[in-house]
Structure formats: C-alpha cells, structure tokens
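Next up: some structures, all given as structure tokens.
Shared between the two complexes below is chain A, which has chain B as its partner in the first and chain C in the second.
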Partner chain A sequence: MNEGQLDFLELRGITKRFGDFTALADVNLSISEGEFFTLVGPSGSGKTTLIRILVGMDSPTGGEISLNGNVINDVPANRRPTCMVFQNLALFPHKTVGQNVEFAMKIAGVAPATRRERANELLELLRLPADFYSKRINQCSGGERQRIALARALAFDPEILFFDEPLSALDYRLRKTLEKELKDIHRETGKTFVYITHSLEEAMVMSDRIGILNHGHLIQIGSPDDIYNRPCNKFVAQFMGEVNTLEVVRAAEGRVRHVDSDASFEIISDVNDFESGFLIIRPEVMKIGRAAAELPNQIQGVLFNDYALGSRVQYQVRSEDGESHWLVERLQDDPFAASPGQSVTIGWRPEDSILVTS
Partner chain B sequence: MKSLVHWVRQPGFLNALPVGVFLLVGFAGPLVLVLLYSFMPPKTFKLDQLPTLENYVSVVTQSYYISFGWSLTLAVVTVILLLIITYPIAYGMAKLFGKWATLVTILVALPLLISENIRLFGWVLLLLKNGIIDGSLQFLFGVSLSGLLYTVPAVVLGLVYVYLPFMLFPLVIGMSMVPDSLKEAASDLGASRLQIFWEVELPLSMPGILIGSLLVFILALGSLAESKILGGQVIVMIADDIESAFTFAQNWPKGSVLSVLLITLSLVIIFFLFRKIDLDRLVGRR
Partner chain C sequence: MKSQRQRRIAHALIVVWTGAVLVFLYMPMLSVVLASFTKQRYFRFPVKAWDTRWYEKAFESLSVRDLFWTSFSVALLVTLISVVLAFFGALAFARYDWKGRKLYQRLILLPIFFPQAVLGLALLLWFSSLGITTSWQTAVFAHMIWILPIVTLIMSIQVYSFDPVWEEAAYDLGASRLQVLREITLPILAPGIISGAIFAFLLSWGNFPLSLFTTGADQTIPEWLYAKMVSGYTPMVPTLGSLTMGGAAGFLLVAFVVMIVIRRVKQGKSNQLR
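Moving on, here comes the complex of A and B:
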C-alpha cells in the first residue's frame, strides 16, 4: 500500500433508507490516501447507493462522510473534489474525444492551449493514439471509450476517483486487460481509487483492500489475501466462486462432524467456542487419486464428470453414500488419469479448510 | 422491364400505392396547378395561354413586401416566445412531472379537438371592448382596458396560443433524449446548473428545439385566422393577401405568384437550416 494519510476518506455510520427499505445500514469505513479500495457486493447489496452518496449525487439518511478531515455531507457533487467513472461511462456524444477529456478544465476556466496539452498527455497516459483527440465518441470502441472516460475523470484532477462497475459491459478478455491497465494507472498516478463491482475476482486483481457489502451491511474488510483465505462467513467464501461447503457441528477435540453424512474431519482451527457452522474447502486445495491417499481427511467417491477450465481441470466427485457432491481441481501438468464412473479417493489437508460459524 | 415488374410487385410499393396516389392528386397536383397559374396573364382562369412573368413583376413592384414582412416578423416572434414559454413546461414533462406528464399532455392536446376559429373567437370575447377582461376591470376597479383586441400583440397572443402544442411536444421528445447520467457526469466534473444546461442539455435537445421551431415557423408564416380574427385590419399577413387575390379580386394568377413566393421562402429557410445543422452529428449519432 502507498504511504499517505490514513482516514483520508472516512464514513461514520452511513445509513440510507428508502421508505421502509434500508439500503445501507451503519456503514463504517476508512480509506487511506493513495489506496485502491474496492467495494464488492451482489446486485441489490447497496453498493451503487453507497458510491452515489460518496460522489454527492445522493445524500445519506444518517451518518457522516469526511474527506481529509472535513465533513462533506452537504457539499454538492459539482463542488466535491472527487470524480466518478460511470457504469455507462456517460461520455458526451456531441463532443469529440478531446472535448470530452477537456470538459472539467473548460468548466474550471483553464486556457485552451493548456487544456489541449493536458488532454494529449492524458491520452498518451491511457495509451490512446494522438489522433483520437479529434475523433467522435461513436467512432471509438468499447475499450477506447473506457479509457476516454478515465482520461476525462483524471483531467479533473480529483482527490478520489470513483468507479461504478465501468468494466461490466465489456467482454471477458478486454475486461481482463483493462483490469490490469487500471491497476497500472493507479500505480502511475498515485491517486486514491474507490471501485465498486459485483465481481470479487475483478476486485482481487486490482485492489489493495476489499470491502464486502451484502444487504446494506459491510460484512468484511480486508486485503485480497484476507478475503480469500480468511472469509468471515459462508457468504464471503462462496462469493469468489464455487467452493465445497459442509454443514458441521463440533465433534471431538480438533474435529468437526458433517451433519449430513456423520463423517468427521480433522481441522486445525480452535473449536473451543465453536458449536456449529460450515466447513469450507476450495476446489483447488482438494487432492485426487494418489495425492489424496496419505491425507487425514479422505472421502471415497465416484468420479461423476470432468470439466476443462484451461489451466486447470475440475472434477465432480460423488461420495459413495451419495450424501455429498464434491468439486476438485488440479493443474493441467499434475498427472492423473481416471474416467467417469471410476472410484476415486479425494481428500484435503486440515490446514487448507476454513471453518466459519455463519 | 422485368426488374420494373418485380419492383412494382413488391409489398412496399403496393402498400405505399394508396397514399402515393392520394398525395399525387391532393398535394402535388394543386401545387403544380398553382405554379402553372402563376405564369398565366392576370385575371385569367385558363391555363392554355402563353406563359408570362407579368404577375411576378407586378407583385414585386407593388407593396406586398409589407405583408411578407409582417408574416416573417410575427412567425419569428412567435417561435421565440414559444421557445421561452414551452421550454420549462417541456423540461417538467420530460424530467419532473412523472405520471402527471400524461395529464399535462392531455390538457395541452385537448383544445386541438376544437376548431381553431372557435377558440380564437373565445379570445375575442375575452379581449373585446366591454368584453370579459375589460368589463370585469371596469366593474371591479373602474379602470378600462378597451384597446386589447385588434392590436398586433393580440395577433401574437393568438399565434402563441394556437401553435403552443407544436412547439411543446417536439421539445418534450428532444429533452427526454438527454440521459440523466450525462447531466450527473457534467455536475460531477464541476459544472454548475447553468453550465450543464449550456454544455449538455441544450446541444443534446437541439433536434427537438429545431423541429418544434421549424413547425411553428412554417405554420405561423402561413397563418390567416389569427390576424383576421384578433387583428382586425390592423395588419395584413401574406396569407390574407393570397386569400383576397383568389376570392375577392378574382385574380388567380396573382394569388398563385404570392403562393409560389411564400412556398419558396419556406423551402429556402428549411433548406438552409437543415444544411447548416446536421442533426445526427449534433447529438453524436454519426
């Protein structure tokens, strides 16, 4: 993380109600200067409401937002030193690329020559050829528009740059490229970026820290590593993708018992204050075949199907008692040969499982 | 020949045929007749004589420029007043009124179901000496406003009143084409309300503004009833001259010349407006 002022942007008890519906419930968060912070949540989690409040297009029902120590609740959007890249980009269709990028400077009364120079610098920073300056917006592709929107926001020289899922409409490959590019731009400019998305995968790639939002509650804040390896509950663990989830209760010391199958598994988490909850095992830590033979936690099952995922292969294994279905992944170069219908052993190391209470 | 038969048998052509014939007989035909009559000798009702420019010369040398001037001036004034009056209403209908916009639409469109002349006579009753306004003022306050009717402002009032829907509805459509997110983006980039209006709303709603202005301009340019009913004899508009030439003066060729000049004037204005302003480019569609 970049050195910079901590508590640069601070949210204290932000609440938003629409009639009886609570969109945001007591959100507390502080973001430090120069950080790339991403808010992740499924649709309806309140993330768009939150970012609209932060930008100044909506006001909270309760709570306080302060930027650099000053409360900015009542400062309208056009007077806040922050700027947003919109989900639909909201580029001005009647202006050229150059005029779009220069918009904030024109509003601020910057001289045309200076404006043009700065616009060209930004186009270069965003890897857009100089002849784009006089192009019209509808002559540009989706990825180019993305970069123009970012250049337009950067030209405002905001203290914080907000992003409202700007990549969600793009195809997978372009999105992957732009995710990295965005992280590079963050590094190059040193600005504070606050990004919202429904894709935890996207958040992982770019962010210094991630906040998980669900039903208007901020349920976990942490580094990508924290969120991935130490999820606070089943929801966060499942949000990243497919995981094996077992409903378990406390068994003997160092073990939990699977409610459905009565099998018990070794864990390393401290279970003294654990009564019941879920054991989470990600497909990629699961072993199959010979690699699983020596492991303390084993399941005998039948290989039901396999799926090629590019760099990895995923297997669906059904336990012999039929009580549970398992997902197992292994890397392509890891030798394993079995065909559907065949009996296999799968297993995992106790330290690779995650125990959560809710 | 075979391709012609093929073309004629296409459903598009066949579907367009009835309206095509109707327009040919009812619209293009009379226009051609008017054009032909304009080259006939004065006061004739026949079309079989040698063409002459006599009528054009006489119209140009006489004082018809005054009627043309009034028509042009009043049309421009009507367009400007209507832009000022309807812009806020249109903005409300497009962005603020929500479900009430439908009610406003109905209220604005309802008077169109009543004949324009009858509505104008309603205004006569209001503005007349000892009429509703004047009479009420005399009764209540003892002051008299007897000179309201038969004035140029009364004609302008009539034009603004009658053509309001033709400006309002294109404006509403033009304004609903401006996405709210663009205004939010402009605000987010520091623009004040006035700057948002000037930089984003106005240019993007320009197609609606132009179409409304053009409609009202053309309609007002050829208007007759307003100046006759509300203006009395205070001014003569060009449509009035055309009517007198065809009816009272029984001089069809002269009426035709005035008509041809009026149509040409309208066409020239439309042509220049649309050539100078590329609507698609204006809103970034091309």
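Moving on, here comes the complex of A and C:
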C-alpha cells in the first residue's frame, strides 16, 4: 500500500478560478506511489476540475503539480505519463475492442504482434473472454465496456491512472461488483489509482486514503476509518449517509446539552476546547428497547415506522413532542418487537457518538 | 382484428402503390433513354427502329468532350472546395458553442431557399459590376454558394453525433493533434464527409439555373441540353441526357463500391491477426 515514494504526485497550492468563481482554492495533497486515492465531493465541489488539471486537460490558475519530483504544470495531456478512464468511458465507436485496447500502443509505435499479445493479456486480466478482441463496442454491455476502458488505459502503462466516476451510470449491483473488481485490479497491477466520485460509500470500499472536497477546498484527508470514525466536521459526517445530528453546547466536563430538547448527554471525546458543536450518532450504533435500557444516554420516544434494509432493520423514532426524529438500526437477529405508535427507549454509548465543532 | 385476407389485400395494395410511384418517378428518365436509341428524329412510343449512331457521334464529337470536361471540372472543384469548407463549417455549426452560432446556423442555410435563377442573375450582375469575365471558374463560385450550405448541413448531422470526449481520450492516450484527427475525428466523421462529397458533385453536375447565368462563354451539359431543346433538337439531346444520367449513376456506383472496399479493408485488418 504505502511502500512507494510518499510524494509521488504532489499538489502544492493548486487554485483554479473561472472569472470570479473559485473552483479550487489552495489544494495541497501528496499521493504516494501505488496508492488508491479517492477524491470525494458533491457535484460542484471542484473534483472534476481538479482531475482535469491533473491529467493535463486544463491548467491551474496557480500552484504547482509535480510527478516524481518533476513539475508537470506545462506538460500537455498527451505527453504526461498518466491517463484517465472517462465518466462516459469515451470508447472509440469505430474501432473494435482490440483496436481500442491497442490504441495507446499503436500511437507509441509498438509492433502489431506485440500489441495483440498485450491486448489479450489485458483482456484476460479484466476477465473478458478472448473473443471480445474482434467485437464491436456497441456489442458490449455496460460492465464489459467498463473493463474495456480500463484495459485501454492500462495498455498505456500509465504511472498514474485517473478515474472520473466511471461507475456512476451503472445500476447498483453491477457497481458494487465492479468496485471490488477495481480494487482487485489495483492490487494486481500495483499502479497508483486516483479516483473521483460523489459517493463516499464507493470511496470507502476501494480506497487506501480519501480526500473530501467541498466548495473547492480539500477539507479532510484520511483513511476510510479516519473519515468514518473521525470526521472533521458536520459536512463530512453527514456525507456518508443518514446520521443523527444534534446541535449541542458544552455543559460540563464530558457532558453536552442538546440545544433543542435541553437533555444532556455524556460524551467521550478528545475535543475539549469548544463551546458549541454537533453530536453525530450513526443509526447503527443506536440501541433500541432492552438493549438501550442500561445506557447512560437515553431518550424516550414513539416508534414511528420501520424499514427493512436487508441485514438490518431501521426504525424512525420521534420524540414525544414530535419535534425531533431519530434513526436507529439493529441487526436482524437482535431480538426486538414493537409496532408503530408504541413508546420505546433508545440510547447510545458515550464512546459511540462523535463530536464535531463545525 | 384484421383477418388474413384483409392483410393480404393491404399488402397487395402497398405493392401496387409502390410500383406506381416508382414508374411515375422513373418513366420520364427511361423515356429519355429510349428516345436516345430511336432512329426517328422525334421520339414516338413504342420505338420501332433502334439505332446507336447518336452515341457514336457523341463519343467522337469534340464539342461533347468540351461540354463533359467543363461540367466535370466545375463539379470536381465544387466538391473539393465545398468538402473542405463544409467540414470546418459543420464543426462551427454543430460542435462548438460560440457567440453568434444561432445566427450563423440560420444565415448559412439561407442560400438553399433562394430561387436559383435569381441567385444566378444576382451573381451575374455582381460579376459584371466587378469587371470579372464569367467563365466556368465563376460558375464554380456560383455553385458553391448554393451547394456549400447543403454540404454543411449534411456534415453537421454527422458532427452532432460526434462526442468530443473521444478526441480527449485519444489525446490523453498519447496521440498528437494530427494523430487524433487521423485516427479519431476523420474516420468517425467519414460517412458524413463522403455523403457530403457525393451531394456536392451530383448537385453541381446537374445544375442548370446557376450555370446558365454564370458560365459565360463556357457551357456545361445541362446548359447545352437546354439550348438544343430551344432550337436545333436532334436525338443528340436525349443521348447526352442519358449519358449525363449514366455519369451520375456511375459516380454513385463508384462511391458505393469504394465504401464497401473501405469497410472490407477495415474488417480485414482486424481479422488478419486472428
């Protein structure tokens, strides 16, 4: 994972402005060789702009990009030892699968027989049958096209492979399969992968490290575990999916008071220097019914509804005054029985909540 | 629910109708061909005596050769110039979003709707006021004004379905601008370029009103046909008319064969390494 050079790709103060609009503000980042790094951000966060700058399709207004110690700001895309898998894949419609895969080698002047051999190796690596070589692109399914696009990029033998949300157009199940496959390909090839996506969930599955981008600022960089368990602010915490967010103020050492309900809760947190903040409690750490009875942080509420999520069941619990909603999840095999309208106790352990100050 | 019989009747009617339309469209042309092979001076149906001497005369005649070369030179030049200009014109029309594009899209198509006779007259007046002597070269210019918009439109249809990200991908994979053009842009747009060229050639080859006003002392085949119809008709008129049609048909056939050969060669290339 991190055995390679630590500052293989380095971004120093990358800024991009379009007129008055700042798309990227002072982005600093270093990516190590062989790493799977994912940039995550909502649409409009600047992630597409950033990746276009990194592949050389666009140039930054300010800042410096260096690859392997050499500044590459002014190197055009066709001279950079990097390449990208495009969002819509951009497979050449007039060429066969084989010709698509061989394109970079043809441009580089590799002999046809060698090209052919390498293309077949790549098709095999990507688990595509050999007869795909002479197929036309429009005869291939969505998942097959993903693999062809990846094979075409790998045939270029790039030092860094960029991905611009190539999986976003696929249905959920195929996406889940390909996410894992991509991580396996990363393991098998040992290449440096830089991936962008709007889905933190997708990033979690694949990445060694994740960078969160919002409004052109890189707000947190860390391992999936860091991002999930130690989000730097409310935005990052909520980005992963549904969470319970409580606006709180400091009440005493190890205690906060919920602004809306005046209830106070016990916390365990490294953050001590704060006056107000948000308490984040993920639905899956919440307990319901008897499991919540012994916990120091408890709330009485009314079960409003339940949702089956496959391996888990999610409950929506409303406070008695109906002002606040809570999401609680439990595993299928935890014993619990209640029907909507019943009063229930929910709660969580102090160490399971996350305090963020902004 | 339609019965089997009703469906059969409907089918028969469709066949009859299609046949009638085809006869209506092609009968006049066929009668020109028949007229060129008759022995009599004027065409009568059915043809009683056949003769090919007007074809022999046509092939021997130097003036026919001149007519052919004039028509051919005009059509060829119009094709070459308009394909190049229309290629860039189509990129501006369908690919790039620029200020004034909407206006350009309307203006460029306008000449198609001008009455050609009026356009020809206007050009003649314009040429003479500029002191330009009209000849087959000025006719090339005149044809272009009417044909270029059509070719631009035909190519634009192809350009609309072209995704610029293909070029970016090729560039990203190491291709130079020139290689991108040769490997990606031109091959993908080739069908549009070829059909544009075919249209340009045939529209120029058969054009009469613009040529009439702008060729000056030179004469194209359609002009000669018209002049001979007005005075001095001989079976040479339908003969040359048939030859013109034959030329156009031959051109289409060649274009068709070229397309098939290109496709074969492409497939052969991807198969030979199997």
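One rule holds for everything that comes next: the second predicted complex is superposed on the first by the 354 of 358 C-alpha atoms of A that agree within 3 Å, B and C clash if a C-alpha of one lies under 4 Å from a C-alpha of the other, contacts with A are read in each partner's own complex, and residues count from 1 in each chain.
Basically, a residue touches a chain if its C-beta (ideal position, glycine included) is under 8 Å from a C-beta of that chain, and two chains touch if they have at least 3 such contacts.
None of these values were measured; they are calculated from a predicted model.
A.B. asks: Check chain A with both chain B and chain C modelled on it and let me know: fit or clash.
C.D. replies: clash
A.B. asks: After the superposition on A, what does A:98 contact: first (chain B), second (chain C), both or neither?
C.D. replies: In the superposed model, A:98 contacts chain C only, not chain B.
A.B. asks: Between chain B (first) and chain C (second), which, if any, makes contact with A:55: first, second, both or neither?
C.D. replies: both
A.B. asks: Have a look at where A:112 lands relative to chain B and chain C in the superposition and call it first, second, both or neither.
C.D. replies: A:112: touches chain C, not chain B.
A.B. asks: Once the structures are superposed on A, label A:173 by its partner contacts, choosing first (chain B), second (chain C), both or neither.
C.D. replies: Touch status of A:173: no partner.
A.B. asks: State whether A:134 touches chain B only (first), chain C only (second), both chains, or neither.
C.D. replies: second
A.B. asks: Considering only the listed stretches 8-16, 44-52 or 134-142 of chain B, which one runs into chain C in the superposition?
C.D. replies: 44-52
A.B. asks: Across the two complexes, find the residues of chain A that touch chain B and also touch chain C.
C.D. replies: Residues 55-57, 76-79, 83-84, 86, 88, 90, 92-94, 103-104, 106-108, 152-153, 156, which sit in both footprints.
A.B. asks: Would you mind writing out the residues of chain A in touch with chain B in their complex?
C.D. replies: Residues in contact with chain B: 55-57, 76-79, 82-84, 86, 88, 90, 92-95, 103-104, 106-108, 136-138, 152-153, 156.
A.B. asks: So in the complex, the part of chain C that touches chain A is made up of which residues?
C.D. replies: Answer in residue numbers: 163, 165-166, 168-176, 179, 183-184, 187-188, 270-271, 273-274.
A.B. asks: Under the stated contact criterion, what part of chain A meets chain C in this complex?
C.D. replies: On the chain A side, the touching residues are 55-57, 76-79, 83-84, 86, 88, 90, 92-94, 96, 98-99, 103-104, 106-108, 112-113, 116, 134, 152-153, 156.
A.B. asks: Once bound in the complex, which stretches of chain B touch chain A?
C.D. replies: Result: residues 179, 181-182, 184-192, 195, 199-200, 203-204, 282-286 of chain B touch chain A.
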